[in-house]
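By written order: A, B, C and D. Residues from 1 in each chain.
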Amino acid sequence: MVPSSEIPWGALLILLPLAAAILCFVWPKLAVVTGVVTMLLLTLAVGGFAWQLQREGLYQHAVGGWETPLGIGLYGDGLSLLMLAMTVLVGLAITLYARSYFNQKQARVFWPLWLLLLAALNALFLSADIFNLYITLEMVGLAAVALVALKGGRDALNGAMRYLLATLLGSLTYLLGVALLYHSYGTVDLVLLAERIDNSPVVWAALGLMGAGLLLKTALFPLHFWLPAAHASAPAPISALLSALLVKASFYIFLRLWLVLFAPLGGDVALLLGLLGAVAILWGSWQALRQTRLKLLVAYSTVAQIGYLFVAFPLAAAAGAMLWNGVSYLMLSHALAKAAMFLAAGNLLLFGGHDRIAELDRAVQRLPISTAAFALAGVSIMGVPPSGGFIGKWLLLEAAIEQGYWLLAAVMVVGGLLASAYIFKVVGYAFTRSTATPEPQSIPMGMEWAALLLAIASILLGFTAPWVFALLGIGDPFGGGAP
Amino acid sequence: MEKVTLLIMLFDLLLGLGLLWLAWQLLESRNLFKAVVLFVAFGLLMALAWVRLDAPDVALAEAAIGAGLTGALLMAALAKLPSRDKSEPLADEKGHWLLRLALLLVAAGLGYVVHSLPESAPGLSAEIANNLASSGVNNPVTAVLLNFRGYDTLLELMVLMLALLGVWSLGIERSTREEPVGPVLTTLVQFLTPLLILVAAYLLWAGADAPGGAFQAGAVLAAAMVLLLLAGWPLQGLLTGVALRLMLVAGPATFVALAGLTLLDAQLLAYPPQHAGKLILLLEVAATLSIAVTLAALFLGYRPRTNKEPG
Amino acid sequence: MNTALLYSLVGIGLFSLGLYALIVHAHLLRKILAINVMGSGVFLLLIALAKRTATPLPDAVPHAMVITGIVVTVAATALALTLMVRVAMENHRAELSDQSQE
Amino acid sequence: MNESVWLPLLVIASSLIPGVIIFALAERRVKLRTTLNLCGALLKMALVGAMLWGVYHGQHYEVRLALLPQLELVLRADALSLLFVTLSSVLWLVTTVYAIGYLEGSPNRSRFFGFFSLCVTATVGLALAGNLITFLIFYELLTLATYPLIMHRGTEASRRAGKIYLRYTMAGGALLLVAIIWLYTLSGTLEFTPQGFLDGIDEQHHPALIIIFVLLIAGLGVKAALVPLHGWLPEAMVAPAPVSALLHAVAVVKAGAFGIIRVVYDVFGVDFATLLGVTGPLVIVAAITIVYGSLRALFQDDLKRRLAYSTVSQVAYITLGVAIAGPIAAVGGMVHLVHQGLMKITLFFCAGNLAETLGIHKVSEMNGVGRRMPWTMAAFTVGVFGMIGAPPVAGFISKWYLGMGALEMDQGWLILVLAASSLLNAAYFLPILYAAWFCEPSGPWPEERNFGRKETAWALLLPPVVTALLALAVGLLALAPFTPLAWVEFVVQREFVP
């Protein structure tokens, strides 16, 4: 037996799903089993990785034995760990859900794609090489597009196409920035770049290009145009992973680049990001409130919630690491809550055969677990205590008020109120009787519980912050010392 | 000497302008078929540019993949579009002056940035030169692709697999056209296919020391298969099921297996120097096979099935 | 004006042209072509600037990156084209539709 | 861990755990559900009794759980919190009995009782909160847990009421959140401390603190139904009677009032609040609310709405007592927390009985109802006299202390407000009594149900009779030890040490 501290958990997080994807691809009959087992193993691996990080600190692995700048470096700190854990938590629920959701023909495509997507996400969160990140981004994007279109249908195909064009545009713009940085500093390694970077036109251009590309993928207002169509039209588990994980993946890269390379460049950029975030909160929430279809409502809610992540940028210079802790926490709780909401919305859609909000027709008693999941996740989205969303918003609001950014604070509060308005609009209709009652479809238990467990987790996050922050501090991802 | 430099500069200038002009033409062409043809020409011109920039490996890849296969993919897709779609009028462009201005400013800004870069930058040439000996190959590009940054390539093969999965899930099988294949094409195929296979083998073998390698070889091999498909050879009926899938994953699987084995040893994808050459060759052979079959399958556009398999 | 600068400027030009076409054209095939032209622009920039070495041989790392990029692009293009055909079947034309099914 | 840590947790758990289990119960498991409900309520009362005894003897109960670095969830039992905890746990037991009777045979009872237990958990939690963030957490939980109860009937009217309720309470919660965070950035602590924790704060922050005070009162005033933030309360009356009785007469509005007490006493401190000059305006708001609520009640024909406006008016007495900022008025205000609870819940139970047994919803339908349902109307009568402030019912005690307190602080004009309010109370309540006892029934009852020889089901009858007797008892025996009055005096000593 190899002692578990010597097991290379980090690399396994990438290799395991890759190998499993190949297996599923070659022998589709084994797909479901392979998928489920791999997901469990990945959970174990993230646990092992966390344990390793806690014992040994920063994870660095020179792939191929070639040190940077020649080789590619894997890099894992507290922030990577958080993202990996988020992926695994959401992934477990999606795996549980998808087991019953897809028919045999769809499953044959779903499982290898899903495993490849997991591998790509894990690779993304563990990479410190901006060109390698480009490849992982493309993997993530293409896998997502294929998944959105998996069940066909006009809306989904249109959504997938729009998403594909946006994601390709984003990647290429990002790559152009990578090219400039490489030719300026002779490396694509983030750690080395951080040492070599100075204030030159190249850095500004790279910030503009990479930033624009990543923000397009993150769907920050006004680059969100592709998101509602894609997120709302995809099959439910895919919607969940798009909103929960994919926008976070590109945000994660943006955050990394910002922290390491671009933060010194300027408060003005940060202020601009903050303002865009604020507009995103208001616009997204308002649009969500106006929707008559459940999945579109949830999708617009994602546009709004992404805004919260960016509101933090102008506050960061003065607030320090604790604010980024808050942002990370918000990311995590949004991931869990939003995945829960999409899964629940998927159940409601399947149950009634439609997702018209005004005709939810007593879903509270007819489909109580899913409705409860939706409402509980909604609590976290609103930022009402006790929930993960509350912790994140508390830290953001605290920083905004402390530094006198009253406008941002007001927007955050108004966003919370609008969120409660659109969520309770749904819940309200779920209590009342509507005229047309089509024959309900039965929903497998696994699909209901997948949603509820995620929602409960997003609430429980309200009580785990000190513990999570301690893990986040590993490797000091936000500078300024561990909290 | 002076004159030669001047001539070359003139050539570069013309080539650059030609690329821009072709790009404009192909993007603004009213007729989509013409646009696709122009795109192929654009790809070939790009290959020329790669040669001018001392990037023969890229030139080969561009010619085979960028121009050749992409062109074939575009043609095939165009054929599947409803016919009235093929020469749509262009969008009304009067309102786009603001966008044009913005893009012009962006381009100017980027141009300024590029101009501000130092005349000479070492990049990673020195590191590559120092480590080439222990990489197992002599072609620096191959060394980067399969050794120094082999991890990128591993993921890249996965991208191909992903795309194929997507195409298989979306593509709709069409009844093969019953139009008889002309004798010219048949002859051409009969002549070209063995030649392409030979070229592929050469590229694969030469990749270790000279321009070439798995991607180029795979693309050329794929081109051969595409030709056979065009000539009406029922490849999709011959190669199906597990056998096909095994060929498709040969490259990625070898890569992942190697990654796993090296990880057991110590480090992800760290080859023992004495075996590096052989391992890379093994990887390249497997990758060539997978790339070729994958690209050809992408061209085919749907999942080939045996008669037994359900639809 | 040296070769590296010339070709990288051409690269930027291609990128911008592609971006313009991607935004203004509605037909999906044109959008896909535009993406390909943009990609070529980025690749050209990467390789052109790799020429600026003191040694006669250019920097090989960008070359490898571009080969990777070309393969990624062809994969994406294949997927995009397949998707386009499906979208065209649903919408009865190869353009994106804003209307939802209901 | 010892008793002092376990008891507060157990008090919370004694309603939380049954609640969660009840959610999962199938609709038909009536016996198990009833057992769980009653056992939880009885257990909670026993635990609270133990804590009362302990606190009286100087025992310290406290639990802490870190929420954020430097910010903790704190549950602490002090004399003030126990006042509210005791009130809610006693009334929970009574109301549970009532609700079991009221909802017999109706659908979705598991859901109802689950949320009902959550509401009580939230109420007890905010009573035990040891700092503002803990208070906020339970305050919001209360909002969320009440919503499904308002929506319980699932009609279009209840959806509308729920929407209005949320508009008010979520906005109030948001104001509270902003105020609390702002306060935290200024003071670095949120821990409730006798006489406040803001005393030593830099004078330059005083304007900010005034705004914070306003925000806090606005946030709490929504639930306490201070005018003009009271609009949700009459609308929420679409809920089933037990909900109106316990939550809208007691738990929710009292949560707001209790919060105001905490903010004035344990955050700002009476002296500091007076120094800032914020208590004066609060007195005025309370006075306006008292008069306005009574005036509106006068014109309601719907019985529950009339009671709701009466609640608006009565709960403002508590705020008034606090805002007067003198020890005697404080006793009056705080003791009214208990007294009003007992009296108003009686009235709501009675209204529920009338609706459930005879289908009576309107005041104009109540002619002669006293003869048909004498016990119910007797309880109702006790409640009414309490509300008017007639001795010896409990309400008299509260008003007496409030009046004396106003005089003590040279606010004599408030006597006029109190007198006006009493007159108005009489004006809108006495005609009901007259009609009920002395008029002939004008026809058959709208929807009569037969419960055998009794006037109504015993589970519906017992609770109002018990609470009416309690309201009488705490008034008659006000000066005995361990009455609410005695306990409140014990609380007030702490705040007004010389």
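The rule is simple: contacts are C-beta pairs under 8 Å (C-beta built on N, C-alpha and C of every residue); 3 or more make two chains touch, one makes a residue touch a chain.
Being a predicted model, the structure only gives us computed values, none of them experimental.
J.: In terms of C-beta pairs in contact, which of A-D and A-B ranks higher?
T.: A-B
J.: Could you tell me which chain's Cα centre is nearest to the average position of every protein Cα atom shown?
T.: Nearest to the common C-alpha centre lies chain A.
J.: Just the number, please: Cα centre separation of chain A and chain D in whole Å.
T.: 43
J.: Could you work out how far the Cα centre of chain A sits from that of chain B, in whole Å?
T.: Distance between chain centres: 31 Å.
J.: So how far apart, in whole Å, are chain B and chain D when each is placed at the average of its C-alpha atoms?
T.: 74
J.: On a C-alpha centroid basis, what's the spacing between chain A and chain C, in Å?
T.: That pair's centroid distance is 27 Å.
J.: For chain A, which residues are shared contacts with two or more other chains?
T.: Residues 131, 135, 138, 142, 145-146, 149, 152, 176, 180, 182-183 of chain A each touch two or more of the other chains.
J.: Could you list which residues of chain B touch at least two other chains?
T.: Residues 110, 114, 117, 121-124, 128, 148-149, 152, 156, 159, 162-163, 166, 170.
J.: What positions in chain C touch 2 or more of the other chains?
T.: 15, 19, 45, 49-50, 52, 61-62, 65, 68, 72, 75-76, 79, 83-84, 86
J.: Mind giving me all the chain pairs that touch?
T.: Final set of chain pairs in contact is A-B, A-C, A-D, B-C.
J.: Residue numbers of chain B touching chain C in their complex, please.
T.: 9, 12-13, 16, 19-20, 23-24, 26-28, 32, 35-36, 39, 42-43, 46, 49-50, 52-55, 57-58, 61-62, 65-66, 69-70, 73-74, 76-78, 80-82, 84-85, 88, 90-91, 93, 96, 99-100, 103-104, 106-107, 110-111, 114-115, 117-125, 128-129, 140-141, 143-145, 148-149, 152-153, 156, 159-160, 162-164, 166-167, 170-172, 213, 215, 291, 295, 298-299, 301
J.: Given the complex with chain A, which residues does chain C contribute to the contact?
T.: Against chain A, the touching part of chain C is residues 15, 19, 22, 28, 31, 35, 38-39, 41-42, 45-46, 49-50, 52, 61-62, 65, 68-69, 72, 75-76, 79-80, 83-84, 86-87, 90-91, 96-97, 100-102.
J.: Where on chain A is chain C touching in the complex?
T.: Against chain C, the touching part of chain A is residues 131, 135, 138, 142, 145-146, 149, 152-155, 157-158, 160-162, 164-165, 168-169, 172, 175-176, 179-180, 182-183, 293.
J.: Touching chain B in the complex: which residues of chain A?
T.: Touching chain B from chain A are residues 8, 11-12, 15, 18-19, 21-22, 25-27, 61-66, 69-72, 74, 106, 109, 112-113, 116, 119-120, 123, 131-132, 135-136, 138-139, 142-143, 145-146, 149-150, 152, 176, 180, 182-184, 186-187, 200-202, 204-205.
J.: What residues on chain C touch chain B, complex-wise?
T.: 1-3, 5-10, 12-21, 23-27, 29-30, 32-34, 36-37, 40, 43-45, 47-55, 57-68, 70-79, 81-86, 88-89, 92-94
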